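What follows is a single structure, and I will ask about it in a moment.
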Amino acid sequence: MRTLGILVAALTCALLFYAMGDFPPWADPGSAAHTHVSPRYIEKTMEETSVPNAVTAVLADYRGFDTMFETTVIFAAGVVCFFILRLPKKEGPIFRRYRHTLTGMTIRVKCTRKIPPVLEEFEMIDNLWAPHDLIIKTSCRILVPFLQLFGLYVIAHGHHSPGGGFQGGVILGASMILLAISHDLRTALARMGEKVHALLCPIGVLIYAGTGALCLVLGRDFLDYGALAGILHVDPVTARSHGILIVEIGVGLAVMATMIWIYNNISSRGEYDEGL
Amino acid sequence: MPATTNTRENTILHEPGQGSDPGVTPSTRKRARAFLPYAITFILLFSLWIVLSGKFDPFHLSLGLISCVMVTLFSKDLIFPEPGTEGSLRTWVCFIRYVPWLLYQIFMANLHVLYLTFHPRMMDLIDPRIFRFQSRLKGDLPLVTFANSITLTPGTITVYVSIDGTFTVHALDKSSRESLPGEMERRIARAFGEE
Amino acid sequence: MIWELDLVILSLVVVAAVGAIAIKDLLGSAILFGAYSFMMCLLWAIMGAVDVAFTEASVGAGVSTVFFVAAVFRTTRRSKD
Amino acid sequence: MSDFFSSVADYYNYLIYIVLMVIGLYAIIAKKNLVKKIVGMNIFQTAIILFYVSIGAKRGATIPIIEHGHGEAVHGAGSQAIKAAEYINPLPHVLMLTAIVVAVATLGVALALAIRVYNRYETLEEDEILAQLREK
Amino acid sequence: MDNFFLFSGLYLSFLMVLSLYRAVIGPTVLDRLIGANAIGSKTTVLLVLIGLMFHRVDMFVDIALAYAMLNFIAVLAASRYFQKRKGLFGE
Amino acid sequence: MDIIVVFLIICGLVFFTGGAVGILRFPDFYSRLHPAGKLDTGGALLMMVALALFNLHHFSLATVLTGLKIILIVVFVFLSSPTAIHGIVDAGVRAGLGPWTRGEKRR
Amino acid sequence: MSQHYPALLVTVPLLSALLISILGWLSRRLCFPVAVAALCVALFSSVGLLFRVLNEDVVHYFLGGWAPPWGIAYRVDRLSAMVLVVVSAVALINLIATRRSVEREFPEKIGAFYTLYVLLITGLMGIVVTGDAFNLYVLLEITALTGYGLIAMGEDRAPLASLNYVYMGTIGACFYLLGVGYLYISTGSLNMADISAILPSLYGSRVVLVAFIICMVGVFLKMGFFPLHAWLPNAYTYAPSAVSSLVAPLMTKVMIYVMIRLILTVFTPTFTFSRLALNHSVVWLAVIAIFMGAVLALGARDMKRMLSYVIIAEVGYMVGGAWLGNRAGMTGAILHIANDAVMTLCVFLAVGNVVYRTGGYAFEDLKGMFRKMPYTMTGLVAGGLSMIGVPPTCGFFSKWYLISGGVQAGQYGFVAALVFSSLINAVLFFRIIEIGYYEPFGSDHGHGPAPAPMEEAPLSMVVPLLVVVVGLVVMGAYTGDIVSGIIAPMIP
């Protein structure tokens, strides 16, 4: 296997080196890539979409169709992780560990699979037990809302500064993952249950594709946000800018939900009970 | 291992709305108190949004309002898990007064570690130990502030804090070991009104 | 595009990549992969690809390393090569 | 001196991308551990992203976010001022955003599959799994 | 001033070499973790420096901010591993 | 103004140097955390302050807000860095790593 | 509405996949009807598109209203319209036919299954219609990801097989992406038509040459062409039967479509066949692929594995035919895409029925099958005859074109390989017939011939199979029309 690996690697290497000689030099402003298609994106974005961030304009408008499928890829990954990993809810008893919070005694209780309610005096702990860590819990607790606000800011300001739906969605998802890591998976699930994030994920993509389909219903091409001008009561160029924002919100929702979904499935091995 | 844990935090975190008793109608004052965390969270978040956004047209401001309301509703019990900890104005002022002193301490700490790092006979100079001491602080936030301050200041790192205020600390050398709990604890206690 | 920094970081990236696949401990490998993606993010910022850098920062730092650690946590750390 | 360095810099990016790609490819083929292969796969994908972003770089240009005043009348008025040579090519960046997303999605799926495999065979080494299969 | 920023950036990336050395060589996983953490904190500063070199620092600050917030999630996750699975070398 | 900026940046770089060298030189895992935790945060603080000051050259609302954002980075670093360090230390203790004591060999 | 057919093709399945995913959490019974409705719309619009294309030659659709080099455009010509019809029809028939087995295999996750199923079809349709090189990559990844998930839910060894598929599929897609990057660096465009307009001035460039090689390697990896086929047999064998009868007919064929699209549209045949001295070696690789596939199929011990090796051989046919470099070979390859999709569907559906009743697919499970499941076995035999290339079925005609192309090009090795593989196929299928027909069911009881009861698969599984069998013959009967109306105008 090792010789095969070296062989394949060497072959690829030789092939690519062979082609490298004919590349235009790095960062050469006169190369074909910079002169054929892309100048129009830079020169016309303000005029045609009124979005200063050319990347966002190209991402969500000129090549918005790619981005729709990009979001679909993420959604598909979420569904796939659920599909191959999630175990059906088993019946029958399970042993759980509880700790009496005043004396620190740990007891093992036989109970049903359903995640039990929170008790006043007993605290449920994972079988792989992590101690109560005051510093991490408190700091993360304080950090999470700011992280979420930052994620929303990134989504909302994708037009004017780097960022957009995907980045903001990942940050939002990371905030929930942070909660799940610093406390435990049950805490995060109590805030956002499985059904919620599993439904948010297609809904996010649906916002995107639905916007496109709405344009189609309004008589323009698919994803031609100019058609939204009639609904939003603005001129077509601003309508494009708003259309991009709507789409980015959809992307953000879908990405957030998927990241949480994948993390929950992987970290709990599909049981949705105890996480990392 | 800690013998006890924080019950309050757990109840709040798992079941956000469990604290209120449905049988008792809350008086207006109580309602105002319950509303206060929301308000403070919202103001904090919105000021953060202003700093982040830097755009003051109505469109972006309304986006900011919506986002802040969403985050507030989603996570007000994360910043202030127990009613009453949102504190008074005095706490905030005291806390802000504490920060410059902390910065000075951090600067000194950095010089201290820098000196140790570049000292040619560093191995003889340091004497790492793990030791414990009992703090008189109570409440989550003061404890965590104290712990983080310890981590940031001369030659000490907090290893573990138990809920009743027992600190386990790793110290790099003798002088830093002797400086604890010392003045820092006093200042934190003053900042959080536990004097 | 600052080519001096670019050269240095590019060399570092190769070291991190070799480290990530050479270490015989999957957790260490995951951590080095995280460092690798930090530097990739830096590289893209240097080349002016701000959005890509942002994505890599949020993905590499926030999500993909965590996925790796979670997967290693649920499987095993042992690795023979 | 500077000329020499910049001529090295002309192709250095492409060189490194080839090296990274080869590392990734080698890891996928030659390593026996399934998670290691996933790491290799990711390195491979990042190498390609590096290639694309290197295409996008442009000498003497700034990031592809158009500078404009904070006024309202933006469209139409300022279009004369915007020159394509002053901004980096945004197209490769867009493509690579998509590619990064795909990389994350693939990573998630691959890790989920690795967990399934581990649940079944209690090991992540390919040769041990094959040995187990052969025994049956 | 740009040159000064450039040289400080180069110096920082040289320091990253040292951290990377610890991350690659480090006898235990935790040493690697320290190395990765140090690389992360240097990256945050470097991002802002790069922004100043591009004269567009307002665009790069967001990335650095995201970095500062997210950098420690990975570290936290890795340290969580040891809280749940004991042992530094085996399982 | 520039002189202050340069001075602060050089101080920050010295701190960072200390951090990087300390990570290499200190004998064991716990003591390595001291430079990693403190010097890097300190260096980040100084450099960020310097950069924020430099950014205020063209004084306007936008630059002030950008400067505030840079300071915000410092705030978050100060919140997250000790937490991360604490997490690592805790992991070390739970993994059963004993601290180095004087006279032992470097590890 | 008819000008929106290209958009409907992709968006209706996409929207309904999302809808199914939502419905999966609310009411499981609604998932199947929604999926059927979506695929019906897709089939309807692809047939409509086919008729439009026959009149207008090429249909363009600009997504987002941006003209091609800047925006993404759909470009539908006769070839893609034909593949579209095949894809949607195969998917619809398979969806209806496998309803029972899906309900039995994934009782808990029906929503997720149908979501992935419809997404896979979305991806395949998108690949066929898109006119943008990068968009193709994204769609490729959609099909790949959903495919990984669907395959992994099979039996015991499926996750491992799927994981191997992940590695290989990712390398393949990345190679394709890299090739697109090389094209982009030399032409500055991503639109296929635009690239092919710019390329002639760059034919001397090494970058274009390497771009072509890399793209081809990527696509070969994805389709399981000979030296790169290692992932295919396991993945197709261990997949759930509902999935293997979807993936086996469609994935490899669509990849071959991509290859032909790259050759015909992007790099033009003159570049491929005259600038490059590669076509002989590729044809020889195809010859080896056919031989290897046939021999390995002989050694297989169960039906699914045998059929996977047969698929490898069939991939060899199509690649070889396309690379022969003459009209007849190309015609044969394109015709074989459609025919092979239908044949493979037929055979895998029959195997699926057998699995549904007996629970296994080893050769021993087939004993006495003719008495037990006569209609299923009829389907199997019909598919087998078509694979062998017996005249009334469609398999004969495409093979005929391939052989005549081989003779014209003077590649007698290819012709020999085709004949050899047909013989092997005959052996394989007659062996199955022998097992199924002559060995009495339940002979191990020893009590003479007990009259085995007829246990045919449920009607919803048999009827689609018989429809496919009829389709085999019909496609054979209309071969002339297909070739003259659809394929011939496509080949320059």
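Read from first to last, the chains carry the letters A, B, C, D, E, F and G; within each, the first residue is number 1.
Convention: contacts are C-beta pairs under 8 Å (C-beta built on N, C-alpha and C of every residue); 3 or more make two chains touch, one makes a residue touch a chain.
Please read all numbers here as calculations on a predicted model, not as lab measurements.
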| said: Return the chains shared as contacts by chain F and chain G, ordered by label. | reply: A
| query | Chains in contact with chain D and with chain G: which ones? | reply | A
| Label of the chain whose CA centroid is most distant from the centroid of chain E | G
| query | B-F versus C-D: which has more C-beta pairs touching? | reply | C-D
| For chain B, which other chain has the most distant CA centre? | G
| Gap in Å, rounded to a whole number, between the CA centres of chain E and chain A | 23
| query | Between chain A and chain D, what's the gap in Å when you average each chain's C-alpha atoms? | reply | 18
| field | Distance between the centres, which are taken as Cα means, of chain G and chain C, whole angstrom | value | 37
| query | Which residue numbers or ranges of chain F touch two or more of the other chains? | reply | 21, 33, 41, 43, 62, 65-66, 69, 72, 76, 79-83, 85-87, 90
| note | Residues of chain D that touch two or more other chains sit at 9, 12-13, 25-26, 32, 54-59, 61-65, 67, 70, 91-93, 95, 97-98, 101-102, 104-106, 108-109, 111, 113-116
| remark: Multi-chain contacts in chain G, i.e. residues touching at least two other chains, fall at 134, 138, 141, 145, 148-149, 152, 159, 184-185, 190
| field | Residues on chain B engaged by chain F in the complex (per definition of touch) | value | 48, 51-52, 54, 103, 106-107, 109-110, 113-114, 116-118, 122-124, 126-130, 147-148, 151-153, 155, 157-160, 170, 172
| request: State the interface residues of chain A toward chain B in the complex, per the touch definition above. | output: 99, 101-104, 117-118, 120-121, 123, 131-132, 134-135, 137-139, 141-142, 144-146, 148-150, 152-153, 156-157, 160, 183, 186-187, 190-191
| request: Please name which positions on chain A make contact with chain E in the complex. | output: 126, 128-131, 133, 136, 140, 143, 146-147, 150, 154, 161-163, 167, 171, 174, 177-178, 181-182, 276
| request: Report the residues of chain D in contact with chain G in the complex, numbered from low to high. | output: 25, 28, 34, 37, 41, 44-45, 48, 51-52, 55, 91-92, 95, 98-99, 102, 105-106, 109-110, 113-114, 116-117, 120-121, 129, 133
| message | Can you tell me which positions in chain A touch chain F when the two form their complex? | response | 133, 135-136, 139-140, 142-143, 146
